[in-house]
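Written below as structure tokens is the structure these notes are about.
Which chain is which? They are A, B, C, D, E, F, G, H, I, J, K and L, in the order written, and residues in each are numbered from 1.
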Amino acid sequence: MARKVFVLNGPNLNALGKREPGMYGGKSLSDIEKDCRKLGNELGFEIDFRQTNHEGVLVDWLHEADDAAIGVVTNPGAYSHTSIALHDAIRAISIPVIEVHISNIHARETFRHTSMISSVVAGAILGFGPNGYNLALRALSDICNN
Amino acid sequence: MARKVFVLNGPNLNALGKREPGMYGGKSLSDIEKDCRKLGNELGFEIDFRQTNHEGVLVDWLHEADDAAIGVVTNPGAYSHTSIALHDAIRAISIPVIEVHISNIHARETFRHTSMISSVVAGAILGFGPNGYNLALRALSDICNN
Amino acid sequence: MARKVFVLNGPNLNALGKREPGMYGGKSLSDIEKDCRKLGNELGFEIDFRQTNHEGVLVDWLHEADDAAIGVVTNPGAYSHTSIALHDAIRAISIPVIEVHISNIHARETFRHTSMISSVVAGAILGFGPNGYNLALRALSDICNN
Amino acid sequence: MARKVFVLNGPNLNALGKREPGMYGGKSLSDIEKDCRKLGNELGFEIDFRQTNHEGVLVDWLHEADDAAIGVVTNPGAYSHTSIALHDAIRAISIPVIEVHISNIHARETFRHTSMISSVVAGAILGFGPNGYNLALRALSDICNN
Amino acid sequence: MARKVFVLNGPNLNALGKREPGMYGGKSLSDIEKDCRKLGNELGFEIDFRQTNHEGVLVDWLHEADDAAIGVVTNPGAYSHTSIALHDAIRAISIPVIEVHISNIHARETFRHTSMISSVVAGAILGFGPNGYNLALRALSDICNN
Amino acid sequence: MARKVFVLNGPNLNALGKREPGMYGGKSLSDIEKDCRKLGNELGFEIDFRQTNHEGVLVDWLHEADDAAIGVVTNPGAYSHTSIALHDAIRAISIPVIEVHISNIHARETFRHTSMISSVVAGAILGFGPNGYNLALRALSDICNN
Amino acid sequence: MARKVFVLNGPNLNALGKREPGMYGGKSLSDIEKDCRKLGNELGFEIDFRQTNHEGVLVDWLHEADDAAIGVVTNPGAYSHTSIALHDAIRAISIPVIEVHISNIHARETFRHTSMISSVVAGAILGFGPNGYNLALRALSDICNN
Amino acid sequence: MARKVFVLNGPNLNALGKREPGMYGGKSLSDIEKDCRKLGNELGFEIDFRQTNHEGVLVDWLHEADDAAIGVVTNPGAYSHTSIALHDAIRAISIPVIEVHISNIHARETFRHTSMISSVVAGAILGFGPNGYNLALRALSDICNN
Amino acid sequence: MARKVFVLNGPNLNALGKREPGMYGGKSLSDIEKDCRKLGNELGFEIDFRQTNHEGVLVDWLHEADDAAIGVVTNPGAYSHTSIALHDAIRAISIPVIEVHISNIHARETFRHTSMISSVVAGAILGFGPNGYNLALRALSDICNN
Amino acid sequence: MARKVFVLNGPNLNALGKREPGMYGGKSLSDIEKDCRKLGNELGFEIDFRQTNHEGVLVDWLHEADDAAIGVVTNPGAYSHTSIALHDAIRAISIPVIEVHISNIHARETFRHTSMISSVVAGAILGFGPNGYNLALRALSDICNN
Amino acid sequence: MARKVFVLNGPNLNALGKREPGMYGGKSLSDIEKDCRKLGNELGFEIDFRQTNHEGVLVDWLHEADDAAIGVVTNPGAYSHTSIALHDAIRAISIPVIEVHISNIHARETFRHTSMISSVVAGAILGFGPNGYNLALRALSDICNN
Amino acid sequence: MARKVFVLNGPNLNALGKREPGMYGGKSLSDIEKDCRKLGNELGFEIDFRQTNHEGVLVDWLHEADDAAIGVVTNPGAYSHTSIALHDAIRAISIPVIEVHISNIHARETFRHTSMISSVVAGAILGFGPNGYNLALRALSDICNN
């Protein structure tokens, strides 16, 4: 039976594809969801793919994941840079969490150079575009199989 | 037919009138709503006037506005100073957004001197009290008629 | 008839007891709720004990408290350190608000050393573990009886 | 009889139109002067429109305005960001002063993000291009008629 | 037999009552001493209440307390914000130390927002006026009885 | 024959007396001039008393003083806090220069806490109101008679 | 024929396995080399795996790679945090460069939180231990095959 | 009968004359004391001239002065730059306090550019050498006779 | 016919030769003017050499140069370090501007290490004494002949 | 006859041995005193070994040493990091002063990384535990015999 | 006989011409070498032109130059901004060193705005492209012939 | 048989004696080498004394020392202040490393006040001139014999 993995997306990722395609590429979030499901299938993962614009909902979902999933891939978007609540939520749960950013946050505005969750995730993958989600699923698979 | 304009208000603006009247004046938010509707009428705008204490709801509404309205006037209150999510939401949509602050944020605490959205709005109007909403509607009208 | 007191808890406090027990102790939030009800009884307080992971909900509840309660004890968790919205909400209401932190935030990471609400609360109690809630209720009782 | 309003422009605004049109638009300062006179007429204002590259002259004019005018609209250009003398001059006079910036100073270099006069003006209007002058005159009219 | 508790007060607290009563209230330090003795009696504490303007004397007393008392309540006044010597003294002794501030130090000048001892005390109580001493004694009693 | 002393006043000091009397007192600049002439007489000084709103004029006058006077008393107002040109002008001349501030600049906004000329003047006198000019003349007299 | 990929390791990585195994794990650099060769084989890459303690040598190798390889995976160790020379070298060449860090640099000392090369690499992979090299090779393969 | 004035000197001023004469001049502290007594006589002041190396003693003396003297002239030496206790002591008393520094503290190391007491004294006199004490006594006389 | 070049000197350069000769050398500004004329002759430049202590005049002259000259050599002295107005004036004109400093500003006080105009000039020449003007004229000649 | 050397210890060093033995080792201050006397004997030094918790007393002793001793070894503990008074006292005396720290202050909290006296001592010895006193005595002997 | 001059180039300058031609122009380093030799000939200089990517080699060469050459022109590239070793090497030798940068470092990223060697060179030439080397050779010639 | 000790010197120490003798004294590095060998002999150490201008070589040597020596005395000169590579190399090896600086780095430029290796060495000896090497060897001997 497939093991469940949460893929949790933060604010404005619902606008992917039409939002600043020069920065984020032309793929929509549902394109990424399809890619994740396809690779998840290969890796034996059942993907629970979600998006929200609410910081509190991301916290709720992380707590939910602790009971329901074996790991989390998350791109918390703008909340990555300021949310101590997400930092605490990741510390509060015991499954591995992997951070993904589509764009290279270090090549952008200073306020995107800091991630409040980097210090508590299992690892981070930055700047590879939508492919970052696939790399994160592979990384999670490697962690779970070790 | 009137063009729709969203007027989006952030946290604690529901307390306007009873909250620190020395700072914000004695008008309530529904007084402002009435003024906006009246001037909107003149300018050919249908006003959709809303308030929320939730950062995520402001982001949701901005996405909604992109399809439903020709422009946004927003006073995001406290979230103005810290929200990268609002910054990103405004960049993600293609209609003009105008920032309003009732009080002069530069004459107050240091943490109110920064606005995370100022760099992405069409323009900003600060310190004119409730009249700032009217000025913002006029500014929006000027932008839409050019 | 007992006077109502709101005890408002912020993000991740629902995980208390299982979350980093070395830092926060083994008591769960419902253990603390029981302790609060017991002491509240003694002090003539009806305790309305709540928890949320959403910043906006904390703001909503503070507005609600202004009409429904004689005071608030709050542990806004991670939002304490960044939320101007909470700061404004506390200024917007007229009942006393007391800040509690279970752990000693000054003995932890730098980003926990600042509280955005400390400058507007009636007083703050830090580092006494779950007992901080009891001390806060006593402090509130002293304020209300003076 | 028309009430006098000073419109005071700071350094390099004489180059408007030929200076970085991508940033400031193609209108010259005398185009703006014409627009101000036209709207001034409507609002019952006699416009005294001036430009100088000298910080001291701006200070002189503000003192002069205190006796000669009912209000000031000012775009002090580069001096906005560093001049304590202008800050003090505005505090020293009793008529309302409104700050205008043609470009969105918050979307440009860091040294333009601060305005030394924002904390002492009646209000500020940023980023609407030459139309900002019109909005400022309207705002001044609203202040004077209240 | 009553257990001894040191209540150690730092610089300028001898002027309490006549010093800035708007900030610190009208109670003198000997009024607070009386309140402490009264509550100490209830809690089974013998109170040794002292005041000094000398940083070094506070250090001496903390060392003395380690042998003579079961706990310390201290309001080191101005030295709280700068004294590494007090920080080290508290770390050097093995009994619990509780920090009290009469005024809300976070609502005052920036140089009062930092406490050099907060990271090493058992807990801190800020802003409740003279009642803070009582809350501190209760907190100490709870610690000693657990 | 009386020795000449320049008393050089910077921006906005022409508004003294009517400008923020709570801060600067009710004396006008010509009242101060009279006091200076009177004390100058006693001390054997011919007073050349001037005011300008222009930084460049202050620099011009300092150069002029080097040939025409035996010393300078200066209150450069707002330019004190930012003017490297004044700093250099004082270094470039060989007569003693004394800095005066009417108000206590350290008890005001942070941007007034720095003086760019303090490091190159013979001495500074701050916060004694208009009497500071008299103290400065006495100080200059002491320097010249030693 | 296999395409060549440079895997370039910086200072102290030769000590891997014996150096702080709690931080970096028990694998030696030659273990990692073997893993890279194995996966390289699968992906059609010929791996040129090198280590140096010299910043200048890393710069030399990056220039060499521009002619000899189709991409670079690099873990510049300590030089990541300070080397503008590496930043410039990566900008000077036209093949994709991927940054890897074995440990989670954001969970360590502040001076490791900055990477001078992050803003110019194709993407970065942090904190997955030795497995980061494999993820980087896969990422490079994805880039080269798109 | 002469009115009493305290002249309070801080650490290392006992070494005046032999300590860095290039910086502080060749006068000893007892030379200054004599000068103060002489001018005090003229002004109708009885001078109580003291020196201590102890921060706490300076605080004690300020409290003592509040009852015994009509004003204080103080040169707190090194404690000027760091002592919040002195700041508080000056605020706690109701007689005027005048700050003197022999050397020009702004022309020396950065850590001497700040004075923790400047914001609470009646005025400050910096850089005139030993003559600063005389100027301070005159300033005090002017304050007391107004 | 010779092409015109403006050589524009800022505050205190009129004092050259007598002002701090250890820092600036013994040449006066008119010595430098003569050198410039001589080399200008060789290079086919008519030199318009000016000095002012007024920031606004420098701005005026830069605007004037745009119509009258083929290039500018400028040493804005103290205004280099703070003047955004000069920065904007240089951006507003289309002829090349070259920055010269006589002394090595990086070997002096920190406040001289920044130049507000360096980012908009064609090039800068620092620390070569009066010879810097000659180097600047040669550099301008090279630019104009390419 | 033996030359006298002062060994001056600051706050909390009286608790050595029982205070944080993991940090400071198990030796008490009187053990160190014995070691110093023994090595002093060898080197021809009479050791005057003292400890105080008072900053002012350290200043007093340094002045006393200037007349009574040929050199000073000092470990001012916590006062090292903040005391300008100690800095000034060491500058005010003419005998060599050597700074010792038992623990490696650079491997501890940031506020211990600065020493206010390092810039004025003859040399400093950090991190060698109690043996640092011996090294300091040897260093002093080398200085005195050269 | 020609006097020898070292022209020392730092990291990545070997890539000149193909590296970011929009920034650095299309000339290669050997083109610049030719230009230097040609002008060197005119000025009576034998040019020893070198490039290295190693900070240590630049230090070695500066020491070598002290014996072998009469002056150095250096463009240390990226090491300019961070290398204290180069700063010290230039101080350690007695011949004049001139700093050149091809691009205008002040118009680029913040980390290029600082030069660690500017304070110890004879002069600096910034932003004139490859022509900067020629200007530097002329400047060196002027220094050597004075 | 003598135990081997590496004495590793960083950049510019080869110029000792002729480089700024006012700062570093007149001894050359080979004089220091002789002193080290002489004292090494006494202490039973075989001294391997080296110097390099290359950061990478210092890292190489530290790794080499881990197998070949029982301890290291190092003066990494300029690299002390910036090299994370040296910091990591010292952490990567298991023998004690002692840091020496000839001059008092805290009495010099700010950029020399920080040492990147101080937090990982066994101890540090600063400011005693060439004698610091001897003190370091003694300290190492004490560590090895305990």
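Basically, a contact is a pair of C-beta atoms (placed from the backbone, for glycine too) under 8 Å apart; a residue touches a chain by one contact, two chains touch by 3 or more.
What you are looking at is a predicted structure, and each value in this text was computed from that prediction instead of being measured.
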Contact-richer chain pair (by C-beta pairs counted) among C-E and B-C: C-E
Identified repeat of the D-I interface (over half of residue pairs identical), from I-K, C-E or B-C: B-C
Euclidean distance of C-alpha centroids - subunit C vs subunit F, Å: 55
Intercentroid distance (Cα basis), subunit G paired with subunit F, Å: 63
Mean-CA-position distance for subunit L and subunit I (Å): 48
Per-residue multi-chain contacts in subunit H, two or more chains: 54-57, 82
Touching chain combinations (by label order): A-B, A-C, A-G, B-C, B-D, C-E, D-F, D-I, E-H, E-J, F-H, F-I, G-K, G-L, H-J, I-K, J-L, K-L
Residues of subunit J defined as touching subunit L within the complex: 104, 106-107, 114-115, 118-128, 131-132, 134-135, 138-139, 142-143
In the complex with subunit C, residue positions of subunit A that touch it: 54-57, 59-60, 63, 82-85, 87-89, 91-93, 116
Residues of subunit A touching subunit B in the complex: 10-12, 14-15, 18-20, 52-57, 77-79, 81-82, 111-112
